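What follows is one structure encoded as structure tokens, with my remarks underneath.
Per-chain numbering from 1; labels A, B and C assigned in written order.
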Amino acid sequence: MATDALLYWVGMAAVAVCALTGVLDSRRKQMDLVGALLVGVATALGGGTVRDLLLDRNVFWVADQTYLIVAVFTGFLTFFIARRYDIPPRLFLIPDAVGLALFTVAGTQAALLWHAPWLVASLMGVITGVFGGILRDILCNDVPMVFLKGELYASAAWLGAMTLIGALALNLSPLVSTWAALVVTLLIRLAAIRYAITLPAWRSQSD
Amino acid sequence: MATDALLYWVGMAAVAVCALTGVLDSRRKQMDLVGALLVGVATALGGGTVRDLLLDRNVFWVADQTYLIVAVFTGFLTFFIARRYDIPPRLFLIPDAVGLALFTVAGTQAALLWHAPWLVASLMGVITGVFGGILRDILCNDVPMVFLKGELYASAAWLGAMTLIGALALNLSPLVSTWAALVVTLLIRLAAIRYAITLPAWRSQSD
Amino acid sequence: MATDALLYWVGMAAVAVCALTGVLDSRRKQMDLVGALLVGVATALGGGTVRDLLLDRNVFWVADQTYLIVAVFTGFLTFFIARRYDIPPRLFLIPDAVGLALFTVAGTQAALLWHAPWLVASLMGVITGVFGGILRDILCNDVPMVFLKGELYASAAWLGAMTLIGALALNLSPLVSTWAALVVTLLIRLAAIRYAITLPAWRSQSD
């Protein structure tokens, strides 16, 4: 019970953080208030929406509009604050990593509850974690950042999802498995930023 | 009954108008007939499709293929006429505003019938009204026009959706509420074009 | 039975081919391993996913994760082979045409089983055949190749879908109709490549 309530509010915090980063990102493209808000909402709710559509569940923010209210309100606030003050995006690397971990774990859990096979469940976790950002970049007409050569992001999410699935398969309690998965995702992502850990990538054409 | 039939045919007209504007827009990108038709169909049916997926309803044009036939046929005609004659896009600002109003009101009503909470219902109205155009711009590899600084568009739709929700909450009859919402959306959009009413936007980086 | 098993494995082969072409395509954009894999998976599974969402069916790869495993495994292999050796994309024009034919026919059949009206069923076939490639191009931030002036592609798929629908309407056996549709799609696509058959397109603005 207490864990459920905790996860609910922590998920809400992740929605707020993603709405914020989405709105800040829209700055690159001379959008107006509505454009910024829609990009923020899509960033915050996009990953979970795609997961729910793929699993044929009720879309989470249609059933509980608190998510939508939090996303719109945060976006609004961010827009007017960021118009006045300069917010360095680096400030949000850690909240964004927390959001990634939370969304990934919540997405994997939802898929497992739906009896999705393990590889599908881990992909659902990754999709929930990263698709909001992919949508944000598509709407801003950029190549999605997560696809490009850079510090581990989707792979951190995938390892976190696999931690959850593995821990549950080893009969660890849901509470312990959840925390393990959150910590693994977060640590890998933060270590990747700190030590510039990257995956193999296509070589540049000019090599 | 008569209102239902009226709304049905008016919705069909909105589909035709959006197919037309979608096909005209594909001109910027050297597309061929199939590309133009697919962009036209996506513009005409995209908003309602996303709404139906999010609400877990049957997708409207899968259930009734008249919509698809109208979209394809209009797109076809537009392609061959526009290859021969120059059609100034300004000609379609008013039909497009009518389409926006119709799609928004139809989308909001569908969401309310589904017992969506009010903020969700208003967003469904906006999505139905503007997502076809967003899809068109994504398929043409542009930043969606509705996001950029410009005359009120999505905000006109949102105010229209809120008019419908407010009027129904005040126990006005569905017929009166519907007309009020259509008129509000249309007037705000046309006034915004006429008087160049815009929302606050990000300041340009060079300011 | 035997036909079902054949179609199943042939569909699996189409998934592998599309994952391969998706991964190769990601090369243009300096993506890393995860980016390439996600683009490959989206190319392989995107068309069928959109069809299943529109028809409100269970998404095929969520129900049977073999598809996902094949897509990921093929993508993985392709990435490491293509990093070392130069693979000319022309090599895959024929497998890609086979994939197009298979996906189109499988998509049309699925829609007919769902009692979709004929025009909708044919569009579902086309969507299943081409949407993976559209998604790949959107994720790579390009105008979708199928929309641009070029050899018949979506139109080959549509004619194949119509062949299936027509043959079934003439009471030909499902087996014969399926093969006829596969052959028609494949022949039109290959003939279009060989003889550079194109559709009418927008004239270039400079004409």
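One rule holds in what follows: a residue touches a chain if its C-beta (ideal position, glycine included) is under 8 Å from a C-beta of that chain, and two chains touch if they have at least 3 such contacts.
Everything quoted here is computed from the prediction, not taken from an experiment.
**Q** Where the contacts of chain A and chain C overlap, which chains show up?
**A** Both-contact set = B.
**Q** Roughly how big is the turn, in degrees to the nearest 5, that lines up chain A with chain B by CA atoms?
**A** To bring chain A onto chain B, one rotates by 120 degrees.
**Q** Chain C and chain B are one sequence twice: same or different residues at the contact, by the over-half rule?
**A** On the two sides of the chain C and chain B interface, the residue numbers are mostly different, under half being shared.
**Q** Between chain B and chain C, what is the gap in Å from one C-alpha centre to the other?
**A** 29
**Q** When you check chain A against every other chain, which residues touch at least two of them?
**A** Where chain A meets two or more other chains at a single residue, that happens at 53, 56, 138, 141.
**Q** Tell me, which parts of chain B touch chain A in their complex?
**A** By the definition above, chain B touches chain A via 53-56, 116-120, 123, 134, 138, 141-144, 146-150, 153-155, 158, 198-204.
**Q** Within their complex, state which residues of chain B touch chain C.
**A** Where chain B meets chain C, its residues are 26-27, 29-36, 38-39, 41, 49, 53, 56, 58-59, 61-62, 65, 68-69, 72, 79-80, 83, 138-141.
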